[in-house]
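Below is the structure I would like to discuss, written out as structure tokens.
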Amino acid sequence: MTAPKKVVLAYSGGLDTSIILKWLQTEYGCEVITFTADLGQGEELEPARKKAELLGIKPDNIHIVDVREEFVRDYVFPMFRANAVYEGLYLLGTSIARPLISKHLVDLAHRHGADAVAHGATGKGNDQVRFELSAYALDPSIKVIAPWREWDLSSRTKLLEFAEANQIPIAKDKRGEAPFSVDANLLHTSSEGKALENPAEEAPEYVYQRTVSPEEAPDTPEYIEITFENGDPVAINGEALSPATILTQLNEYGRKHGVGRLDFVENRFVGMKSRGIYETPGGTILLEAHRGIEQITLDAGAGHLKDSLMPRYAELIYNGFWFSPEREMLQAAIDKSQEHVTGTVRLKLYKGSVNTVGRWSDHSLYSEKHVTFEDDAGAYDQKDAAGFIKLNALRLKLIGNRNAKFR
Amino acid sequence: MTAPKKVVLAYSGGLDTSIILKWLQTEYGCEVITFTADLGQGEELEPARKKAELLGIKPDNIHIVDVREEFVRDYVFPMFRANAVYEGLYLLGTSIARPLISKHLVDLAHRHGADAVAHGATGKGNDQVRFELSAYALDPSIKVIAPWREWDLSSRTKLLEFAEANQIPIAKDKRGEAPFSVDANLLHTSSEGKALENPAEEAPEYVYQRTVSPEEAPDTPEYIEITFENGDPVAINGEALSPATILTQLNEYGRKHGVGRLDFVENRFVGMKSRGIYETPGGTILLEAHRGIEQITLDAGAGHLKDSLMPRYAELIYNGFWFSPEREMLQAAIDKSQEHVTGTVRLKLYKGSVNTVGRWSDHSLYSEKHVTFEDDAGAYDQKDAAGFIKLNALRLKLIGNRNAKFR
Amino acid sequence: MTAPKKVVLAYSGGLDTSIILKWLQTEYGCEVITFTADLGQGEELEPARKKAELLGIKPDNIHIVDVREEFVRDYVFPMFRANAVYEGLYLLGTSIARPLISKHLVDLAHRHGADAVAHGATGKGNDQVRFELSAYALDPSIKVIAPWREWDLSSRTKLLEFAEANQIPIAKDKRGEAPFSVDANLLHTSSEGKALENPAEEAPEYVYQRTVSPEEAPDTPEYIEITFENGDPVAINGEALSPATILTQLNEYGRKHGVGRLDFVENRFVGMKSRGIYETPGGTILLEAHRGIEQITLDAGAGHLKDSLMPRYAELIYNGFWFSPEREMLQAAIDKSQEHVTGTVRLKLYKGSVNTVGRWSDHSLYSEKHVTFEDDAGAYDQKDAAGFIKLNALRLKLIGNRNAKFR
Amino acid sequence: MTAPKKVVLAYSGGLDTSIILKWLQTEYGCEVITFTADLGQGEELEPARKKAELLGIKPDNIHIVDVREEFVRDYVFPMFRANAVYEGLYLLGTSIARPLISKHLVDLAHRHGADAVAHGATGKGNDQVRFELSAYALDPSIKVIAPWREWDLSSRTKLLEFAEANQIPIAKDKRGEAPFSVDANLLHTSSEGKALENPAEEAPEYVYQRTVSPEEAPDTPEYIEITFENGDPVAINGEALSPATILTQLNEYGRKHGVGRLDFVENRFVGMKSRGIYETPGGTILLEAHRGIEQITLDAGAGHLKDSLMPRYAELIYNGFWFSPEREMLQAAIDKSQEHVTGTVRLKLYKGSVNTVGRWSDHSLYSEKHVTFEDDAGAYDQKDAAGFIKLNALRLKLIGNRNAKFR
């Protein structure tokens, strides 16, 4: 790879990406453009501007962008239409943010005539894969620089020495090592590494940052209603809200009731297992609600097909293949299924749990007339069931007769 | 169908199956053999013997059998190896009991030289399908009699008149109609119909029979440890227990902590949606624990394949195809995956929730050496990730270049 | 079911559907509208008009419609985008025509204010299911009359007696029974029953009607080129043609070279196995060509996903679920994949075989630069493969180490 | 990677692997053990012994092993039970041989106390992946040396110079470059590269080495019968034969009749497309025959499940994951399905085609009694079909009614 001339860096303003910024300048002598996204991680972003300026970035090269609505509307909601969970339990909060960041990096590269993008993910994790596959899909000729895989700053000590040598300010609490590593956005907060590396030991309470402990949650349940249109939530308790506002409000409900904690050991795409603590308060409520509205608006054929496609869809997002033809194919199928997923779900929140307790819709396929234990006025002829069973049984009978010959 | 001569009836001892018993005698003039199974439904079964005798059944024709160990060992545990849930949420508590009952009915038919079996399921539900597909698979020449699809006792009044006319005792509380219909066994209790037929309305608390309400559960969490061997639980808190004993104890833990309630609208195999309230206290704990132990003992390839097969496997059980070649094929694949699913999971129970908080195993694939944020002493070369990403990206780049030509 | 007042009948003009026509008039005293479709079955249809008039149908109630373009454009081509084959070999020639016929029956019912539709399929086959599921999906309130399941004309003798008693003309060659039953349309001809019912015996040559025997085909191969746009064929040997014209020409190529014969035992949806002889001359060429163009224009991710969805898609069409949400979901995914399936395939036809021998496209993903054995000028760094393999191997190594402990 | 001390080399005796042998000795100063397998590639292997000796390998370190029976019995036949084809057409002839070779390499490494294995596959293809994933799965601590990825012998000229400098004999016809690259074993011969790199051009006839051209094949068809037990072929024309003998004979039938040629563009696991010419004469016959016997002995449920699993199974073998838990899970499911796949198939071979024309079995599920157009003596009640269709239609009707509200 020839050295990059101009690089767009995913820049948080923190110590690590500040070191990367300086290292890019030092190592390659290249111009750096910074991209700092407000994904709803809950941090002030203006300090990132000041730090970038301090490190010599021209004001025109500093981009701080609120992408919360885009994130929820174009990434989170489409994913939730699929009821996507990875390995049965993980709601993909980190995975789904990476393609959006790459998209902005590549767009800025095109705007600035940059030939490379850079990120701060390490060489052991999934995020490097997600960043880079997305970037290459969007611009096959882009260079991607992953300093953690390239430099020789292999210990905390060396990093701090580099920072000091380059006048990068080090916050006091960054001198020691963090007890674990954190990623946050509007959908979730994940914590992993170090103090959490023994999967046999319960994660300490101080790891959790987005939710109160169920034990500390209110002693009385709270009920909320979420309204969906075409598979996406559009209102809470009857109030129409924008995508990011909906997720923000659901996060607050979830936080308060201790909903959405997950202690999880997962299989990384790069081949190893890792343990993470995830908090997805609003997303956990949203998944339950979406399942609830699908229960009455989605038919068995569509629903079962969706269920069978979901693991593959979730795996694609987890592995970083958001911008791939197969994800888009699955999305087309999933979106097709959501045309009548419209209606309202009532949920009960209580000390760590969220449960659907009611759902209604003009688009409902539930027919009390058919299902009733009472007289159904001829809606359903029970005698039809005899023929239905007979023909479903026919092949089993033929097998039974055949197998009996060889016992 | 020619009239049956000798019929084995799935007999609960309740009013409905007593009416069926008498109706079989009256309608067909046939000899009736009764089969009453202790599936852990929590009712005294000896009264069923007395009632059968009262209705003229010969003592040798009355069979009351404790099938709890068989049920859990040969049906429930194999199903839980698959992490089977129907339509995302239902743990198949009713579905999994039906093939076992049919197997006993057919076995007794062979023992007594009977030419038919009979069950008390209605013509609108799934259970008729499950009973009959199982019976036909096990004996293609057996007749199956489903009185609810045949007789003209189409209202509660007519049923009671028939009972009175035939000296069938009617318990006082059976005069009026039950507010909903219940099925119970060691795995779960389901409630459906009548008072529950409006899926918009929250189910009243009195519907729940197997669990305390989360609000009434203890204010302090309880921790338990479940040990697995080859995918099946074998011990609780270090004490080795039989299959049925394990499930019984887990039910008690679940009951106490309000775990395993589900308010659900599902798609019946016969084409309609229905709403059920399910309580699966022990099963809910078991599912969480099994996922927990698989997290460290099952590899990604095996786990993702299992996840993709699960919806089909669950659908087969729900639809009544336990005794089918495709269920057996899937079982062979699933069982193959469980050879090292051995180890212990630590769980936290609290007010309706059960969560894995730790897991350990001699068979663990989790490698702290590989995943660590610390120096890994060469276990993993981060540079390998660059090549891994490059080759995974190659096809996306080729697509990107191609598509760019047509924009 | 209350008696129908006005019925739209799928009417071929042959003896059987003429008997049905008369039987509907006799049995129900209802007005009959006839629908006769030119699906490319290769028969004169005007005689059907005469026969219908003879049987007392009003001219306004007689509909003879050329649906060939609609059939190929809206049913055959979408299906071929999926490379759909049922049970590995059958190209679904009968299955795909049924929903189109039902659509026209229902449309005519609405136009004429009819309350029922009728078809001439027997109670043992798949076609009854396909006709009726389609009709019910398109109009849930429509009545469907299937005379073969209702009447008592259970033998050939009784049918002929009914015909004679009702002045229905009987062609001389219909007095005796046909040695097998035939269905034909522009996509295929199927033959089954009677003389073909022993699957051990080779089908006699006289069964084949659409293709010369490979032994009789020309001794020199013929080459043709088919051009595709977005997954559909649009030209043969450079000449742009309409959908039905393309299939007609491919049929002629296939007929001449003995391409597309299939001797097959399949599983019917109604539970039994049956043996059929299928001739799909043009369709067999089209399938090979479509695979050929996908080889260079479809990426691995999209292609493998398509391959995994195909069996389910084919099963849905075979079973009669064309108008179902799950078929439409799969179609959405498949159609999404075809956006760049554009280009030309060169095929060799010779004595029963059709083989792709060349393919080219502006949309090609094939990169000689990458694959070449020669110097690739840096397009691909072979060292990347080392990292790729290492990370793909990591989980296998962890498994190997684990399993070694328990041997 | 530390330098290897003792290496087991997959050695063909040809120029390239002789250069590798010498390079290993030169580069690492290590002891080399050679493994030369008779996989049925049709070459004399004793010359390989002489060449190895000439290059200084000790006689005890030279292993020439006939693995044909093992190859067919333990690899080819299990794969054919699945009807495995990659991307619709390729019978995986190269892919399936690689894990066997790796197994022998690793076994010999253990026997000789070697710490490494080496192969001659290039860095652009699939074979490197297959060799190495298999080796790592079987011995996670083994070193794998892939000289083509490591050395600087990047041109034909440099290779020949190295050979001359090291006294490696160069056959006259190896001075120039081969026009394409060949791999052969008992299952197939593949040709790719150079002269074949333009997928638009028909492959010249001289590329084909294992089959006569269909035009040159006999003018009269030939019929053969293959007998299967539990999914594997055991006899041809009634004569019981060993696995390798069966495949050898089928190869001769296929060769003679020009059966099994494939011109194919495939997606390599490493991300690029490549074009190959495959000849799989016996395997093509075997696939057709296996499908033929499954048609009557496998039920719809088992067959459709197999069909849906097959693409994933084939992809795993193609990608090199033979020794993976997920391949073993799928194999368990597939093998379970083959318990009654026993019987005989009659096939017609003619000028490039092989077609099933008859099949029979004591294990047949085909029931002429059920399927017959004649009177079936009550085996099947056509009225059952009405109920079957009604309940299958119920959900479609509910959808139809719902959707009509929103049009």
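Lettered A, B, C and D in written order, each chain numbered from 1.
In this section, contacts are C-beta pairs under 8 Å (C-beta built on N, C-alpha and C of every residue); 3 or more make two chains touch, one makes a residue touch a chain.
This one's a predicted model, so the numbers in the text were calculated from it and none came from an experiment.
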What are the mutual neighbours of subunit C and subunit D in this structure? A, B
When contacts are scored as defined above, which chain pair ends up with more C-beta pairs, A-B or A-D? A-B
For the two copies subunit C and subunit A, is the contact made of the same residues on each side, with over half of the numbers shared, or of different residues? same
Could you state the distance in Å from the CA-based centre of subunit A to that of subunit D? 40
Chain centres from averaged Cα atoms put subunit A and subunit B apart, in whole Å, by 32
Two or more partner chains touched - positions in subunit A: 267, 270-272, 299-301, 304, 312, 321, 324-325, 365, 367, 370, 380, 383, 385-386, 388, 391-395, 398-399
Per the contact definition, I'd like the list of subunit B residues that touch subunit D in the complex. 267, 270-272, 299, 301-302, 304-306, 312, 321, 324-326, 328-330, 332-337, 391-395, 398
Hey, which residues of subunit A end up touching subunit D in the complex? 299-301, 340, 362-365, 367, 370, 380-381, 383-388, 390-392, 394-395, 398-399, 402-403, 405-406
Would you tell me which residues of subunit A are touching subunit B in their complex? 83, 87-89, 122-124, 128-129, 132-133, 136-140, 146, 148-149, 154-155, 181, 193-194, 197-203, 214-215, 219-221, 261-267, 270-275, 291, 295-296, 299-300, 303-304, 307-308, 310-312, 315, 320-321, 323-325, 346, 348, 350-353, 355-360, 365-368, 370-375, 380, 382-383, 385-386, 388-389, 392-393, 396-401, 404
